[in-house]
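Right, I'll just put the structure down here and ask away after.
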Amino acid sequence: MTPPLETDVVVAGGGATGVAVLRDLALRGVNAVLVERFDLGTGTSGRWHGLLHSGARYAVRDQESARECIEENTVLRRIAPHTVEDIGGLFVLLPGDDEAYAGKFVEGCQASGIPTEELSAAEARRREPLLAPAVKLAFAVPDGGIDSWALLRSMAADAEARGSRVLVRHPVVGVERAGDRITAVRVHDQVAGEDRLIGCQWVVNAAGAWAGEIGRMAGVPIRMIAGKGVMVVMASRYVRGVVNACRKPADGDIIVPQHEVAILGTTSVQVDSPDDIAVAPADVDRMIDMCAQMVPSLASGRVLRAFAGSRPLYQPESEDGGGSGGLKPSPPVDQGSGGDTREVSRTFTVLDHASRDGLGNMLSIVGGKLTTCRQMAEALVDRLAERMGVTEPCRTATEVLPGADHGPHRLAAPLAGVERDGAYGELICECELVTRGQVRAAIADGLTELEDLRRKLRLGYGPCQAAFCAWRAAGMLAEEGSGGDPLAGLERFLEERWRGQRATIWGDQARQALLNHAIYRGIFDLHGAGRPDEAAAAGLPRTEPVGGG
Amino acid sequence: MRADVVVVGAGPAGLATAVRLAEAGRQVRVIARGNGFTHWGAGAVDALGRLGGERVERPLEAVGRLAEDHPYRLAGEAALRDGLDWFARFAATAGLAHAGDPERNRDQVTALGVLRPTCLLPEPAAQVLGGRVAVVNFEGFRDFSPALCAVGLRGAGVDAVPASAPLPPWDHARYFSAVELARAIDDDDFRRRLAPGLARAAAGADVVVVPAVLGVRGGHEPWADLQRLVGTPLVEAATAPPSIPGLRLFAAYRRRLDALGVGWQFGFPALGVERDGDRVTAVRSEGASRVVVTHCQELVLATGGVAGHGIEANRDGTLTEVVAGLPVEGFPDRTAFLGDRFLGEHPLGAAGVRVDAELRPVAASGDPVHANVRCVGGLLAGHDPTVEGSREGVALATATRTAELLAPTPTPAT
Amino acid sequence: MLHVEQTADRCIKCNVCNTVCPVSAVTDLFPGPKYEGPQGQRFRAGIDTGDSPDHSLDYCSGCGLCTQACPEGVMVAEINQVARERLVTARGGLGLRDKLISRPSLMGRLARPVAPLANLMMAARPVRVAVEKAIGVHRAAAMPRFSGTTFRSWARRHRQRGDATRTVAYFHGCAVQEFEPEMGAAVVRVLERNRVRVTFPRQACCGLPLVSNGDFEAGRAAAVRLVGRLRAAADDPGVIVANSTSCGMTLKAKYRELLGMDDAATQAVSKAVYDICEYLLELADEDALDRSFAPLRAKAVYHPPCQLMAHGVGTPALDLLAMVPGLEVERSRAGCCGTAGTYGTKVEKYQIAMDVGAGLFEQVTEARPDFVVCDSETCRWHIAKATGLPVYHPVQVLDRAYQV
């Protein structure tokens, strides 16, 4: 077994919150190691619509959330502009919508400090030409789009540059306790295939929707409700900025453009486990039909895929919220499986297990949303620093992240880059304009799986669903001798991409799927079964949970 | 517009049908929305590669084991034999000689190094691998990885070694794909400058595997010439679309169609038909500002299944045949379209129009829907051309049968 | 986002379009229709303000072979044209050269009083070199000859002989009006021979060169004007024939597809437009075509222009020419002759146009025909210059066969 690591703080969970905590600790000079079961951003942080909240969605019912959002919206634009699409958002009023709600909406935004501007129907349509003719008026708000993987990578890179460590593919399998303190966290190194001990003084549970599992391993009860939301990805962008329905939050009331696609969202159903990410065709149809009320051409548009993620909703044990720090949530509503989870508060809670459970050196952070991840981390690390006797103040709101000098992400940036460099002949993934050089650099950085290339470079993300780039990239992995059977890796990647697609394939996408099948099975005669799979033999797990994405 | 026979579709089935009908003496017009599987295939003639997942060694013999609604059973084994035979002669006349024997399948090298089963192979792909095999890419060509191909070949027991050959200076250095490279290799001067680097990369090998880019306009002559210059047998490996061997074949079909005086309306889909009783009297196709009506005596639909855009897979699980609204069995919902493994089988790939022994689409009762409509190729139910490796064979067999059925009855000499 | 832009959704990346693009075949400055069209569209999507990112887009010639070859219905060339308009707008509009060459009727009117002198000058090398240096029209690019008289002045004096059973309106376009009135006369004679009365509604430039160069605003103004003038003819006589396949195509489809003109008047005019050969073949289908052609013992190569193929009617000229006894016609194997309207006249695109046309020119050389036949005027001038052979519109051949 590898010699045990020693550190001050172990952060469990490589989502937005965990990585933000790691960075905050690093900026305060605290040694920390982050452990994550799959790869950064494979939990809820990688399974959402990418909305950089202005907070307007909470303006009517939850002004504390709203205020948090607009504050953090501004902070993220300052520290991580390169992960943000500066596109604005609209709340549109359709016939049949409650006009009184619109009034409350404007008041609520004002009260929360969210700037709004009323637009006439004509002005709204000038801004969004595909808006339904029936839209009566709209309110413009400072919504934006945010690329969570880019944000996580930036924050992690910043933390690592300051001495922190990030261990992906190291799920927590247990803790070692001595009395009322955790002395070490036991993780399983998936690649090496063996357990590892990480000795520590403090533990931060930032496992989001899975916080309950970490709690269980530590011997403390944390009741998490998995609030599943389904999202549908359209093959093209349709809208300039975010488009929301101006009504009480319901299914299918938001369209978030993200790079070249549009993400339609979402549902809200309690499920038994955050690993339940299956998508039913009825969910897909519902998203399209609802969002098409705002943008009619969605109804005849091409769907790329659908996915689901679980909101990390915390249900406190008792009325007082069960802990200090953060903000008090509204009363819990556990409706059992199938219940609407919209009523459960989206603000966050810091749980200090010393006072709550008699476990002296662990804190958990639960709830929240990606837009407020930095603020959540600040609240938690303030608490932890106080306990540790660290006096460095939080600087995460003012220190910009690596890459910030690139400015906000522009849709055309990848195309402009290829044009500037005349790099047409270098394209490996043509849908997403990923070049040979980018793939080589990623492989040189240690990426060995096509799935990693997809997350890092958006390779295979586009409409053709990796018809050509998958085997080109597999070829490049083979050239670089990146270990493992490249054909098995290719088959694995194709099957990963396939999961969850059956709910969304018809029309154009059906033709694409059959062409892809004709290429990989018809021309290349790949069958995907019975091939010696070295990676499986090595115990390397799937890189993501089953079900979609 | 008036035609005798309208063929809708310009993929492998449409092209073969149009040529055979014209050769049989009918006056033919082709209406097609665009190119199809000539451009997307492996560049070979698949008769029957797999049955029940198992590799087939003797395709003609295996026909007897197919279900009775399989296109080969409906068209008849003789039509398959004749179709393959005709194709071999047609291709050879066009400078695209094929090797192979319908009695026995052979291996085709692919860019992933997997050896796929097929029946007829164009000469540039026909050399059998043996001894030491050099797998050589042309530097900068993105659609072929010698390392990946060599892994696959070694897995099949071939002694394969990857290498790379430089391209001589040329006018497409900044951007090229298979098409531009193939056109450059059409030029004999370019080949003379290319050969030494290729020969060096192949040094010591008994056979050289290269991607299928050896010329697109000169038939097989660029390949033959390059092989002479290099001094070692060259084998073209099948790559992803666009299929350069498919482009060669398409060009040969176009020339033959022009020579036979076949009308060609390309780039516009057929939208519907006009009927009189149980006969189709005209095809309606999209024009720039009006529907174009082409009157016809006979209609042949070669529009491909779902993949070929001849059948639309609807959101609710139903299927629609797009030209004449022919009956097509749909699915209870769209999750039934596709299997749970991408590389497995997909029911949608086998979906199609049911026909009788005369290739006429039938209703649920089994009676033909129209007296003068035939269906050929991928549009037919009862087979999945990708899974069983039969696309070109079905195209040729059904084209042959259609030409037999529609050949003009001989008129008495006057 | 126009409907044509939304067709980008249908792309399955199959590469078929890339196999037919004549421009990417001859230069690596143009990465091909798949990159430029549906792929690039996802990154433009009309939403970013500021400079359009495209440079390579400028090399698309607009021949439209990609749209025709695409099996999924992606309107690749049209997507490129819309993107070009944004590019031009981002760059502040058309430059001087493109403004000039987009206005053929203006150029024709200016030169008409001094047509013989203008023609002499445009044939003089030092003048062409100076023009090239001044505004960027290539010194060797084919130029039409200015006519001293207009087609309409001929039409005003023309009296129809014989009776008529049908009537059509004739959209002659700028080329016939300013450069080739004799071509228009042939159209009229052939129609009248077939007992069709020809009317000459007031008209104007269809605006195609403006649209294809990227000035949609001026193009739309021209379109609205022309639709207004042809509107009545769309109802009565209900058929408008055009001999220029690209101008006919513009009326049939481009106003709707590129300029978003979906009003009733534009629709009515579009639906009434026929290419002259399309119309004559329909007469033949109804047994109403006079087939008493005298033999023309000659060999011709027929090149169907890319813009003709876009009409969706196949190649009616081939069927018509087949009716002329003794005439041997070989069909061109080229999809595009290279000039693509004004594209091939530009100094930075001329060589591309010549390289695109090389295959056709070679085929012509090998075939040794007496003349070449082609429906589109800019193609005719380009092919004539490159091959040294006379190049006629199919109707001119029919006219000759009727006259003899």
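Read from first to last, the chains carry the letters A, B and C; within each, the first residue is number 1.
The definition used in the following text is that a residue touches a chain if its C-beta (ideal position, glycine included) is under 8 Å from a C-beta of that chain, and two chains touch if they have at least 3 such contacts.
On a predicted model such as this, the values are computed, not experimentally measured, just so you know.
Q: Please identify which chain has its centre, taken as the mean of its CA atoms, farthest from the centre of chain A.
A: It is C whose centre lies farthest from that of chain A.
Q: When you take the mean of every protein CA atom shown, which chain's own CA mean is nearest to it?
A: B
Q: So what's the Cα centroid distance for chain B and chain C, whole Å?
A: Distance between chain centres, rounded to whole Å: 34 Å.
Q: Please compute the C-alpha centroid of chain A, do the same for chain B, then give the distance between them in whole Å.
A: Inter-chain centre distance comes to 43 Å.
Q: Would you kindly tell me how far, in whole Å, the mean C-alpha position of chain C lies from that of chain A?
A: Centres of chain A and chain C (C-alpha means) sit 52 Å apart.
Q: Give the residues of chain B that touch two or more other chains, as numbers and ranges in rising order.
A: 40, 173-176, 241, 309
Q: Indicate the residues of chain C shared as contacts by at least two other chains.
A: 14, 28, 31, 72
Q: Which residue numbers or ranges of chain A touch two or more of the other chains?
A: Only 424-425, 427, 467-468, 511, 515 qualify.
Q: Within their complex, state which residues of chain B touch chain C.
A: 1-2, 29, 33-36, 39-40, 171-177, 179-180, 183, 241-242, 247, 254-255, 258, 263-269, 285-290, 292, 295, 308-309
Q: For the complex, which residues does chain B have touching chain A?
A: Against chain A, the touching part of chain B is residues 37, 40-42, 53, 110-117, 140, 142-145, 147-148, 151-152, 155, 173-176, 238-241, 305-307, 309, 312-315, 333-335, 337-338, 340-344, 346, 348-349, 385-387, 389, 391.
Q: Which of the residues in chain A end up touching chain C in this complex?
A: The contact residues of chain A facing chain C are 87, 129-130, 235-238, 240, 260, 297, 301-302, 410-412, 414-416, 419-420, 424-425, 427, 430-431, 433, 462-464, 467-468, 508, 511-512, 515.
Q: Which residues, counting only chain A, touch chain B once they are in their complex?
A: On the chain A side, the touching residues are 281, 285, 422, 424-425, 427-428, 436, 467-468, 471-472, 474-476, 478-479, 481, 485-487, 490-491, 494-495, 497-498, 501-503, 505-507, 510-511, 513-529.
Q: If you look only at chain C, which of its residues touch chain B in the complex?
A: Answer in residue numbers: 14-16, 18-19, 24-29, 31-32, 67-73, 249, 251-253, 270-271, 273, 281-282, 285, 309-315, 319, 331, 333.
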